[in-house]
């Protein structure tokens, strides 16, 4: 057990994704595949597209999606300062209703770095 | 006490709905009445309209609303496979931002079946 | 030329969908395919899923999506009274912010019937 | 005929509301009634509630709803400066995605004043 | 430690706002400043604008934002009956998808009064 | 006069932005300033941030915002293929409800190129 909510998120996401796969629904499986493919290297780098995913998740106010893309963005090599810049774009686009998700995102960046240091 | 989050949801919803009724606000009471009436049998069956409610709740990304309509849909006789079909429509309409709520929904279906078996 | 906005919508949609296909983007093409497949007969009828699509489009307030699913629903055999029932569910779920789209939907049903009578 | 889009909006709204009433759907009629009642004088003045309606319409980005509440707010006696203050709250809450609707709202205020001067 | 979730919210908000300030991002800091300024007395009272903020938060379905504005509204002198009126406007505008947030809001009003009585 | 809707958008945007500035509201002016500053070169290039703005605008389904960022992105040097990649990320995140805006975006890219060729 852990009290780092990013680690809890990673673990829970795996367990629940398995339940979704266990529905054995072809359409859902194909959607998950399409989703994965959207972030692979192409004429835009996968790295850049993860940043697009993070900003989209922030303006749509989905904490789980924010956490997922923060992990992907940090793994892809973005610095914290670059992530703050992307979050600022999302804040200006989405307004103060975004602020609770911005607070969440800033904390998630810190928590994922703590996980990385332990690993 | 329980660790089945659907049971917790059912109990909390009752307690909080009572607090809302205790405001004694006529407009709010009439809205709740209108809401209940929208899902009764008419030229469309109440069962079909619960499925509309579930899909609408998924694309609007409201976990409590999803849980409510999952319970109603299962009680009305929908099979899990039929619910997955409706969730797939919601996933395609609403995109990957829906995925955390899809995970929630699939787990809620499982948890409500566990409650049913105990009853 | 026509002054029936549903006919204009049908024609414009075809022209613009062709432009989207001309981008030759594999991910986009696969998404369109997935979207089409979501509404085919399965454990739920395609007809029922079109009604889910209509309600989802109403609560998400997308007039073009509403028009598309109204056409599909009428072609699938829903009566106007059944469509009004589905629209009422969407209205209660989505609130008064839905009303301009409800007005649009009711007019679209009328306009599509006018097109059908001419054909 | 007119080229003032607020006058066109007022006329079209009446025509389409009549079509909605002609569906003769009890739930829809009761919703419209509930909607009207929400803005009558009570412990909060109807005037104040129209301003709540305007701000809600702006952050939900519904131009028709914005126009409706601008008309109600001006008729209720709000000055342009007061309306700009409410629009500013909506802009900060909702972010730059609101800006096209802010532009629409500022123009609607001007257009409704032009209508008032003609009357 | 406390089991009053409004007190927990107030404490967590302070801690996380500090983390956001620690990013030292000028754009974010200026946005927070703009946000604060939007609710100061002007041609509309700060009190009235807090009620606009509450209604906007309800229709946008952000529990943290709802809690923030409930606290501000109660501190500014609104009675519970006045807040219920504003919540009713939000409910009618936003529909039944709002109901879980309405339940949250009604409970938050009660919880903040409990905090006030202890203070 | 023109029948290129991107040129019409550019012209109308200027006229209406002037009306917004004429409100002389300090908060609104500061917001517009903050918005402009969010897209200047910093640890992320302005070019990259315009692409974030485009994706955010697509998932939030704002045609005017999409058009604005398409113009900025093309002026900043993105190729059509790169823009289609970003639009595909937005489509997967936001789902089929995005499709009418995707159609709009693909046409806007074509229309802006036509304007560029005339210039």
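Order of writing sets the chain letters: A, B, C, D, E and F. Residues in each chain are counted from 1.
In this section, a contact is a pair of C-beta atoms (placed from the backbone, for glycine too) under 8 Å apart; a residue touches a chain by one contact, two chains touch by 3 or more.
Bear in mind that the values here come from a model prediction, so they are computed numbers and not experimental data.
Asker: Trace the shortest sequence of touching chains from subunit B to subunit C and report its length in steps.
Answerer: Minimum number of steps from subunit B to subunit C: 1.
Asker: What is the chain whose Cα centre is as far as it gets from that of subunit C?
Answerer: Most distant chain from subunit C: E.
Asker: Comparing centres built from CA atoms, which chain ends up most distant from subunit F?
Answerer: Relative to subunit F, the chain whose C-alpha centre sits farthest away is B.
Asker: Give the chain pair, either B-D or A-E, that is connected by more C-beta contacts.
Answerer: A-E
Asker: If I superpose subunit B onto subunit E using their CA atoms, what angle of rotation comes out, to the nearest 5 degrees?
Answerer: Roughly 120 degrees of rotation.
Asker: Mind checking the centre-to-centre distance between subunit D and subunit E? Centres are C-alpha means, answer in whole Å.
Answerer: Chain centroid spacing, subunit D to subunit E, equals 24 Å.
Asker: From the mean C-alpha coordinate of subunit C to that of subunit E, what's the distance rounded to whole Å?
Answerer: 38
Asker: Using mean C-alpha positions as chain centres, tell me how far subunit A is from subunit C in Å, no decimals.
Answerer: From the centre of subunit A to the centre of subunit C is 32 Å.
Asker: Give me the residue numbers in subunit C that touch at least two other chains, ranges are fine.
Answerer: Subunit C, residues with two or more chain partners: 27, 31, 34-35, 38, 56-57, 59-60, 65, 85, 88, 91-94, 96-97.
Asker: Which residues of subunit A touch subunit E in their complex?
Answerer: Subunit A reaches subunit E through residues 61, 80, 84-85, 87-88, 91-92, 96-97, 99-100, 102-104, 106-107, 110.
Asker: Across the complex, what residues on subunit C touch subunit F?
Answerer: Residues 13, 16-17, 19-20, 23, 25, 27-28, 31-32, 35, 56-57, 60, 62, 64-65 of subunit C touch subunit F in their complex.
Asker: If we count contacts the way the header does, which residues on subunit D are in touch with subunit B in the complex?
Answerer: It is residues 27, 30-31, 34, 37-38 of subunit D that touch subunit B.
Asker: For the complex, which residues does subunit B have touching subunit C?
Answerer: Residues of subunit B touching subunit C: 34-35, 38-39, 42-44, 48-49, 51-53, 55-57, 59-60, 65, 79, 81-82, 85-86, 88-90, 92-94.
Asker: Mind listing the subunit A positions that touch subunit D in their complex?
Answerer: Subunit A residues touching subunit D: 59, 91-98.
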